[in-house]
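Next up, some structures in structure tokens.
Both complexes shown next keep chain A, but they swap its partner, so chain B is in the first and chain C is in the second.
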Partner chain A sequence: MTVAVPSALLADLLSAPRPAEWEALRLAAEARLAGRELPTPRDKGWQFTDLAPLSHTSFAPAPEATADISADLLPEMVGTRQVFVNGRYAPHASCVSALPPGLRFLPLTLASEACHCLGTLAPETARSPFEDLNTARFEDGALILVPKNLRATLPLHLLFVTRAEHPCAVFPRVLIRLEAGAELSLVEEHMGHGPYLTCPVVEIQVGEGAILRHERVQRDHATAIHLATLRATVAQGGQYHSRTLTFGARLSRQEPSVRLAEGAEATLDGLALLGDGQLADTHSFLHHAAPHGTSHQLHTCVVDGQARAVFNGQIRVAPGAQGTDAQQKSRNLLLSGTARVDTEPQLEIYADDVKCTHGAAVGQLDPDEIFYLQSRGLDLEAARNLLTYGFAADLLERIPVASLRRALRRLVLARTHASALGDLA
Partner chain B sequence: MLSIKNLTASINGTPVLKGIDLEIKAGEIHAIMGPNGSGKSTLGKVLVGHPSYEVTGGEVLFEGKNLFDLEPDVRARAGLFMGFQHPIEVPGVSNAAFLRLAYNKKAEAEGRDELDPLEFDDFIREKIKLVSMKEAFLDRSLNEGFSGGEKKRNEILQMAVLEPKLAILDELDSGLDIDALRVLGDAVNKLMRPDHALLVITHFPRILETIRPQFVHVLSGGRILKQGGPGLAIELEERGYDWVVEEAATGGHR
Partner chain C sequence: MNSTFQGVTSQEYKYGFVTDIEADSVAPGLNEEVIRFISAKKGEPDWLLDFRLKAYRHWLTLAEPGWAKVQYPTPDFQKIVYYSAPRPKKAQFASMDEVDPELKRTFEKLGVPIHEQEALAGVAVDVVFDSVSVTTTYKEKLAAVGIIFCSFSEAVKTHPDLVKRYLGSVVPAADNFYAALNSAVFTDGSFVFIPKGVACPMDLSTYFRINNQESGQFERTLIVAEEGASVSYLEGCTAPRFDTNQLHAAVVELVALDHASIKYSTVQNWYAGDKDGKGGIFNFVTKRGLCKGRGSHISWTQVETGSAITWKYPSCVLLGDDSIGEFYSVALTNHKQQADTGTKMIHIGRNTKSTIISKGISAGDSSNSYRGLVKVQPKAEGARNFSQCDSMLIGHTCSANTFPTLDVQNRSARVEHEATTSKIGEEQLFYFQQRGIPAEEAISMIINGFCKDVFRELPMEFAVEATKLLSLKLEGSVG
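== the complex of A and B ==
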């Protein structure tokens, strides 16, 4: 079967052979892609994020590769980790010896149950072409199934490493299902080296009363492009708490969407630490579909150099979703005259008995705070760096995995030039 | 130690200090008292270099050096300290890490050994006892969500860590109950040494029952209208400030 040519880039990426499994799903995705173009700044939701850099590069399918991840292991998760290198499961780098009985944590290609779940766990929202691209071409990914009432005490670690000599593309795929009353903590990390494009898609289903804590760390290479989609549904009384930490990639976009059933709870926090010419865009969608849901969203950006941060936080409260409590806050620190932030809330409230608050602040370091630290003997540079670190690190303190918290503190210290201040943790 | 000569300063173009003269020597405790809005906090903040205030005239020598040649952080490392009336909150910056950083910056400036986190832990444990602060406050963000009194406690903890030569304490008693005031007053007294000095700024004489000044200055309308010994504080407690202002207006000043 041939595919109508959507755009040079999409055609490029689809020129790779279609992986063997899930053919029906892939064909459907290819059909949706037929005739599509990449979004341009004229399209709604893309006015600040120009994908032109993509169309100048020809991305090949990622070749097989190996990676040494010994430095990236986190002690709590040495026995609960899965590693994917260039989109393929890396059995020698993975270890799942410490999984609790009953918890399924498998590569998709080894998981028979995956075929029932793919593309079905979370409802469709407006699909970006990158989600369909992922469906059409993903090689492998992870399946996580937590059975009813199982409370996993150890967190799981999901590591996606990409190594590219030449521009290449990978399509990580993750399916997560927590049955009623289950509980899980997951760390999803993306890293690598070279000029790659990664388009991860994560589908999540949180069952009744279940709780998923999801830390998402994007520390891709400085020449990489990261275009991620996440879709989650949270059943009655369930909770989905996520924190997306953006450090890497020259161009990145996060499109999380979460749908809340009655009494469900969601946290959708984000931190982006940007410098040089980086651009990081978050377009989130929180859908309160039923009464008495709660959502919290704190999006923090620290932007230096000529970097640019984009945030659009869409919150929809459906008709009848009474008693909804939705709080959104966007806080942004500009460290240079050429850094830029575009932030906007997008509230669509169709119920009357709701509590929705939102606020956005864009600014520089507070001179009173700088002075306070100087008055205790910190020089101007140290004071500025400490405050910048503090602005960013605020969000790290709530990370439940201690070793990850420490590793990210060090990363933030280095990125805010606060390393010279010593161990602040 | 500190010598202020005909100091004038303004904020947003409005003159607030209109010619202050003050001499403080090692071993002395001075109190600046006066009605609200008289310029007491301004004087303190000008001395430690708050950027909102403009020094428009006069001279201040601290240990023989022209204070206004020094950046605020250099003044701090040289031994000048101000406990603020309204300490600000700094989210995300751990109190313990901040205190250690401040300590080490000063140690470095004085050529003393810096303390690593473990050594500092022992050091700070002793210091928090002095101000009866709970350890949990060390792990919290600097002043974030602290009550008024807890912030004041933290200011004195910072003073205990830095051991300044000259500490300016602005309205230490605001936000404190009687017991806390006594604890912090005692802590300040313990930190006082013959080669140190204190400048206590207060609207209410109450704090001066614990921290006992040898010299009391009454500031009003940006000028020192009256100076005296400890007895003056008692007189102000009984009679208020109006009589000082009237006396000055009728020429009884000095």
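== the complex of A and C ==
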């Protein structure tokens, strides 16, 4: 079957051979891509994020590669980690010796359950072309299945490393299903080296009363492009708590969408620490589909240099979703004269007995706070750096994995030039 | 849902009657000939005809905007009558006695005491009746201090230089679909010019009224306040009820020079359609103020209760250093009404400040959206914005939405936005009732309390009218 040419870039990416498995799904995705163009700033949802850099580069399929990840291991998760290098499973870097019995954490290509789960865990909302691209071309990814009432004590570590000499593309795929009453903490990390494009897709199903804590760390290379999609459904009384921490990539976009059933709870926090010419975009969608759901969203951006942060947070309270409690806050700190923030909170409410608030603030450091620190003997620069660190690090405090929390604090300290103040981590 | 809320629906439209005046109309449809006809009919200079034709040619290249959260059948622009004027009995009326008695009765029903302006507590009324100004009052008093307050067509004849200098300087002819349409076919409107250093001695006011069933009304308002001048302008609207949707695409331009101040207040109560959403006005309005000078100040206050569809974003372009923009809005929707309204604050100058207070109330099956933009351009050092958008829902079949956009490109700027959504609490109601206040009155009081921050920005007589209007609009939807 020949595929109609969508756009030069999409055609480029689709020119790679189609992997053998899941052919029907891949063909369907290709069919949807046929004739599609890359979104441009004229398209709804893309007016602040220009994908032009993509169309100037030709991305080849990622070659096989190896990576040394010894410096990136976290002690709590040495025996519960799966590593993927350039989109392929890396058995020598992975280790799952400490997995509790019954918990399945393995590459998709080795998981017989995968075919039942792919594309079925969370119903689709509007699909971005990058999700279809992922479906059409992903090589491998991870499957996580937590059986009923299993409460995993150790967190899982999922590491995607990309090493690119020349521009290349990878499509990580993650499927997560928690059965009723299960509980899990997961750390998903993206890192690498070189001018690559990564389009991860994560599908999540949280069962009745189950709890998933999901830390997502994006520290891709400074020349990389990261375009991620996440879809989650949370069943009655379930909880999904996620924190997306954006440090890397010159251009990145997160598109999480979460659908809440009755009495379900979600946290969708985000931190973007940006400098130089970075652009980080978050377009989130929280759907309160049934009564008595609760959601919290705190999105924090610290923007320096010529960087730019974009936030569009949509919350929809469906007809009949009475008793919904939705809170959203977008906080933004501009550190340079050339930094830019565009924030668009969106509330759509179709039920009357609800508590919904949103707030957005863009500004610089409070002169009173700086003065206070100066009066305590800190010089101006130190005072500024400490406050900047505090603004950003606020979100890190709730990370449940101690070693990750410390590592990220150090990263934020370094990025906010606050390291000189001593090891606050 | 509490039974108190059931059945609160607005009472029938009080101002729904039709005045039968033979109109001097052009056949429905739009082409360059119609535009030339309008221009010739009004005896316009060539530059204005050029302005219209350029706008029309640009309009042909534009598509109707689809981003607003409103749904309606696309108006057939070839079925609209673009010009109709009440047939003049004489060139000019010398006194009220000469005005068409039918017209006078209309105003009596509306409660506009046109022949008793003294009773209007010093409000001069420039009445626009189906596109042509019939009478203007208080002109002499205003002229004594150098203020020009007249119909737009008159201004084109008597002060062409002023009109030419400012027309389209805030809302360019090519600004958007409806502004371009208005620029091509506008028939009349109001013109206000406050010269240097003059504080307008009274509130200026215009009543708009749509009368001919097939005639969309394309008003054009231009207000210019020179250095140090100040003016408060009131616009109030009612319209007779019709089953065919009527298109209203007005353009309002305000220009404030150094240290000038313009306060523009609107109470909008056009026919909103019946309970099933049949009929009602389509209100697609472009309103924009330019704070051109240092320390200039433009303030928009609106109480939007009518129209089937509202698409309206009174905006401020804060160009002058230290200029101030304000937007205070109450938007109430009931039955099948849809409102997508808000504001744009564009900070360009240094130390510019803006305040946005928006209160949305939705009842019935209506949809009420706030859409706003706060943009701080790179050179707007020290810009400051505060926005607050509160929504209140009455009943479970309506919706309230907020779509603010904050676009900040200067680090010294401080921009804050807050939004809340709530309903009238059972406990609040219980408290009132327990004190002997009936539910309906209690709800009216709660809603007026909710809107207090906006009402206190209104001129006195408008504040009274607005308070009454809200209670009237919600009558029967609660209680």
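The rule we apply is simple: the second predicted complex is superposed on the first by the 425 of 425 C-alpha atoms of A that agree within 3 Å, B and C clash if a C-alpha of one lies under 4 Å from a C-alpha of the other, contacts with A are read in each partner's own complex, and residues count from 1 in each chain.
We take it that a residue touches a chain if its C-beta (ideal position, glycine included) is under 8 Å from a C-beta of that chain, and two chains touch if they have at least 3 such contacts.
All values reported here derive from a predicted model rather than from experimental measurement.
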Quiz item: Overlaying on chain A: chain B and chain C, fit or clash?
Solution: fit
Quiz item: In the superposed arrangement, does A:Tyr389 touch chain B (first), chain C (second), both or neither?
Solution: first
Exercise. Scan A:Thr343 for contacts with chain B and chain C and give back first, second, both or neither.
Key: second
Quiz item: Counting only touches as set out at the top, which of chain B and chain C does A:Arg376 meet: first, second, both, neither?
Solution: first
Quiz item: Just chain B (first), just chain C (second), both, or neither: which does A:Arg42 touch?
Solution: neither
Quiz item: Which partner does A:Asp368 contact after superposing on A: first (chain B), second (chain C), both, neither?
Solution: first
Practice problem: Using the touch definition from the top, say if A:His56 reaches chain B (first), chain C (second), both or neither. | Solution: neither
Quiz item: Minimum Cα separation, chain B versus chain C, post-superposition (Å)?
Solution: 16
Quiz item: Along chain C, where are the residues that touch chain A in the complex?
Solution: 1, 67, 376, 378, 391, 393-423
Practice problem: Using the touch definition up top, name the residues of chain A that touch chain B in the complex. | Solution: 367-369, 371-380, 382-383, 386-387, 389-394, 397, 421-425
Quiz item: Hey, which residues of chain B end up touching chain A in the complex?
Solution: 48-51, 71-73, 76-77, 81-82, 84, 87-88, 90-94, 97-98, 100-102, 104-106, 109, 117, 141, 158, 162
Quiz item: Which residues, counting only chain A, touch chain C once they are in their complex?
Solution: 44, 319-320, 322, 332, 334-364
